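Chain nomenclature is as follows: A, B and C, assigned in order of appearance, with residue numbering initiated at 1 for each chain independently.
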Amino acid sequence: MTNNPYLPFASEILDVIKHTEKEYTFRMAFKGDVKPGQFFEVSIPKYGEAPISVSGIGDGSVDLTIRKVGRVTNEVFERYKGQSLLLRGPYGNGFDVDLYRNGEVVVVAGGTGVSPVRGVIQALSQMPDAMDKYVIAGFKSPSDMLFRDDLKEWEKKLKLTLTVDGAPEGYTGNIGLVTKFIEGLPLKNPAEAKAVVVGPPPMMKFTIIELKKKGFKDSNITVSHERKMCCGLGKCGHCRVNDTYICLDGPVFNYEFAKNFVD
Amino acid sequence: MGKLDINVGKLKKNAFRYSKVRGETASRIRIPGGVIDSKSMGKVIEIAEKYGTGVINITNRQGIEIPGIKLSDMEKVNADVQEIIDSLRINQPEKGKGYPSSGTRNVIACPGARLCPFGCYDTTAFAQKMENNIYPNDRHVKIAFTGCSNDCAKVRMADFGIIGMTEPQYNKDRCVACKACINFCKRRSVGALELVNGKVVRDTDKCIGCGVCVAYCPTRAWTRSREHYFRLVIMGRTGKKNPRLAEDFIKWADEESILKMVKNTYAYIEEYIDPNAVEHKEHIGYIVDRTGFEEFKKWLFEGVNLGPKAEVNQRVYWGGRHYDKYGG
Amino acid sequence: MGYVLSRDTFASLISDLSQNYRIFAPVRKKGAGRFTDVDVVMYDNVSNAEAIELEAKSDYSSKEFITPLSETLFYFTENEVKESDIDNRPILVFGRSCDIHSLKRLDQIYLDNGLAKDPFYKRRRDLVKYVLIGCSHSFENCFCVSMESNKCDDGYVFSVDLADGNVYSDVPDPAFDSYFAKYSKDKRDVVPKYVTENEVKVSVTDSVPHSIISHTLWDEYTTRCINCGRCNYVCPTCTCYTMQDVFYTDNGKVGERRRVGASCMVDGYTDVAGGGQYRRKNGERMRFKVLHKISDFKKRFGYQMCVGCGRCDDICPEYISFSNIINKVSQASKEAE
C-alpha cells in the first residue's frame, strides 16, 4: 500500500529528559512542519500506540512528553537513548501562536496539560510585550513539576505563577488550584485579553468559569482537548464529541465553539 | 369402613404412602424431569377431588402426592392414574394396576435448556430418558439432573447427579477483547479466563464448562460445543447416619455412558446390598463404603466406553459428619 | 435484465461463481447462539447455495468482511514494520437493502472523513461486490422504510428472491449476465422485492435540540443497559475500532498491530492515559450512540447514519428498543420547541 497513513516511521531518540518518576520527555528526530498543540501517535514498546502532544519543537527535532502508565516499565523508558521509536503524525490543528502576539494573554495549564502549551509559552516569552503575558501552571505536588528548567527561564521573561495542589511541610511556593490565581491577575483589559486553557476536564471547566467572571469573552478563550485516539485520522471514532472529531478538527478549539461539546 | 387387611409392603411398592392416619393413604405420581402436561394435571385434580380431600402435595422430588385417599379406594385410584402414567410414558408391566415400583425415586431435573439461559442441555429430556432406562425398580436410587454448575436441582444430594457442561469454543478472529467473558467468568463463575496479548486464554483445568462466557460474549467469539457434556457427581445423600454431598467422579462425560453406568449400578446393588437392610432399602453410598470404591467402579464401568474428553477421578473421597460414629 | 432459475440451477450458478469469487453470506450456525441449542445467523464464507440463509435476517451484519471484528494491520520487528497481507480474490457479499445502504456510511468514515483514505479498509472494499437479497416481508424490529433504506436502486450486481420454489434475479451488472444466461432460459424483467411498510415506524426529527443531551429520557438506560456493546457489534453502520498492539518479546519490539471492533457502550472506549474517562453512565453512552445515529452523523455528512435494520433491537439482551428511543427523542424534541 502506498502512502499508508497508518505506517509509522522510525525516529531516533536524541535525548531523554526525566522530569518526574513518571514523566519523561523524549527528544525525537523529526524534520517537517509541526506546531505546538499538534500530536503524534507514538508506538510505546510494551504498551501500544498513544497520542502524545508535541511539547517542544527544535531544529530537526520534536519533544514528546510521555507519562508512564500501565505495564510500561522504567527500563523501557530509560534505556532508549540512541535508539528509536515508531511515530506517525503530526496530527491535529495545533495552536496559532500569532493570535497571541499583541496584548494581554493568560495561559492556564494543569499537569501534563503544560506539554501542549509549552511551545506557546516559549513563543510568548520571546515576544516584545512578554510582560503582558501571564502563565499559571499547576501541578499536583512539587515532585510532579514538569519542565523545571523552562519554568525558571519563563519566570524571568513573563509573569509566571507556579502552584501545586498540595506540598510537604516547609514548601515555600504557592499552594492551591490554578483557579485560585485568576481573580488576582492584574489585567488592564480582560474583555480583550486572550486565554489558553489546557488540562484535565474539571480543571478546564472551573478555570473557564473563573476567566469569565474576570471578564473574558468566550471567543477569546482557546482550549485543547484530550481524548482517546487510536488513529488520528478520523476513523477510529473514539475522540468524537457531537459531530466533531477532536483529532481532525482539534484538539485546539475556540471556546465559543467548544463550549457546546458534551461528551 | 370394612375390615382392612392390607399388605403394607405391596402398598408402598405400588407408590402409595403408609400414612399416619389409619385407613388412609396417599397416591404418589411420578413426574420424571418435573414436566407434566396440563391434561394430566387436570386428572390429578380430579383424583384429589374424587378420592382425596381436594389437597395436592408437591413433593421434594418434583412428584405429586394426593393425600387423604381411603385404602379401600386404591384400586379405583390406580384405574384413574393410568391416564397420567400413559401420558408421562412411565414404564409399566401391567396397565390399570398403578405404579409397579417406588424404590427408584422420581428422576428430577431443573428447567434446563428448555427455559433457562444457563442450561447446557435439555434436562427434562435426559431425565425422561433415564427414567425409561431404570424404571420400574425397587432399589432405592436417587438421580437428579441440573443444567449447569449452579446446580439449582441440588443434584449433589443424590446418588447420581448430572450437571450440564459445554466446552466453550473460541474463535479469536471474532474477539474484540471487550473482556465481558473474563469479567463474568470471574464474577459469576470460577475465573478461568484471562486476556493475553489481546485475546482470551482459557485455563482448561479451572474451567467448569458452565457456559457463562458464551452467554455474555457479544460477538459470538465464544460459542457452545456441538457435543453436550456432563459432570457426573456421585453418592450424595441425606439421612441419619452420614449425610454428605455427592463428589465429582467424571468430568466431560457423555450421555450414553451415564445411562449405562446408572443401569449397571442396579446389578451391583443386587450383588452387594445388605440382605438384612430395613425394608430392603439401603443408600448405594453405604454399599460402596462397604465394598470399596474399586469394586463399585468395576461394576459401574462394565461395557462403558467413555468419550475421549472424559476425565475420571479414580479415587473419590466423601465428607459429611458421621453421626453413626461420633453422634450428634 | 433478469432471470428465473430453479433452486437447483441456482445452486449450480453459485458453485460456478465460487470458482471466480469468494462468497460471503449469511449462514445459519446451528447451536452457535447465545443459549443452548439456539442458532445464530451470521456471515461466513460459503461455497454452495444450500449454506446461504436467504430467509432469515442475519443477526450480525454483512460489514464483517470489510471491517472484520479483528484484523492484523502490521507486523513489526526491531527495524521494520510490515503490512499484513490479505487474500486478494474478489468477493461477493450477500446482503439486504439495509446492508447495501450501510456501505455508504462505512465509506463515509473510512474513505471520506479526514484527509486520508483508510488503506486497510479500501483494500477489502475494492474486492467487494454486493448481491442483493430481496425482502418479501418486513422482519421483526425492521424500520427501514422510516430510514429510507428499504429499497436499493443500485449498488448490487444481481439480486436474489425466493418465490414459488424458484429464484428470481435482477442482474444489472452485465459482467454477471453470462453466468445467468448459462443456467436460465427464462429471461424477463425482475424487480427485487422490497418492503414498503414496517410494523415499526420511527419519526426522526430534523433538528434535535441541544437540550436533549441533558433530558431525563436517558436516565432509565443507566440502569437498564448493561453496556455489553451487542448493539454496536451487530450494527451495519458502526465503524469504531480500537488499536491493539501485541508483543511477542519481552522488550516490546517485536509483535503485531491489530485493530478490533470497538463499542461506544463498552467500558474503556473513552479511557485516556492517566485514568481519565468520559461518559461513565450507561445512559450517557446510550445518548452518545443514539444521537450519533440520528443527528450528529447527519450534521457532519448530511444524511442519517442509521439504516433501520433493527438488529440492535433484535439482539439486545435487556429488551431495549433503539427505535423506541428514536421516537422518544423526537417527542422530547417537539416538546422542547
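Everything that follows uses one rule, which is that contacts are C-beta pairs under 8 Å (C-beta built on N, C-alpha and C of every residue); 3 or more make two chains touch, one makes a residue touch a chain.
All values reported here derive from a predicted model rather than from experimental measurement.
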Can you pull out the chain pair that has more C-beta pairs in contact than any other? A-C
Could you name the chain whose CA centroid falls nearest to the centroid of all protein CA atoms? C
Specify the chain most distant from subunit C by Cα centroid. B
Centroid distance [mean C-alpha coordinates] between subunit B and subunit A, Å: 67
If you average the CA atoms of subunit B and of subunit C, how far apart do the two points sit, in angstrom? 45
Suppose each chain is reduced to the average of its Cα coordinates; what separation in Å results between subunit A and subunit C? 38
Pull out every residue in subunit C that's touching 2 or more other chains. 242, 244, 247, 262
Taking the touch rule as given, give the residues of subunit C at its contact with subunit B in the complex, in rising order. 29-37, 40, 42, 60, 68-70, 228-230, 233, 242, 244, 246-247, 255, 258, 260-263, 266-267
Touching residues (chain side subunit A, partner subunit C) in the complex: 1, 3-8, 10, 43-50, 67, 69, 76, 86, 112, 200-201, 226-228, 230-231, 233-238, 240, 242-243, 245, 247-248, 260, 262-263
Subunit C contact footprint on subunit B (complex, rising order): 113, 117, 119-122, 147, 166, 172-180, 197-198, 211, 214-221, 223-224, 226, 228
Touching residues (chain side subunit C, partner subunit A) in the complex: 73-74, 76, 79, 81, 83, 109-110, 113-116, 118-121, 123, 210, 213-214, 239-245, 247, 251-253, 257, 259, 262, 264, 269-274, 276, 278-279, 284, 288, 291-292, 296-297, 299-300
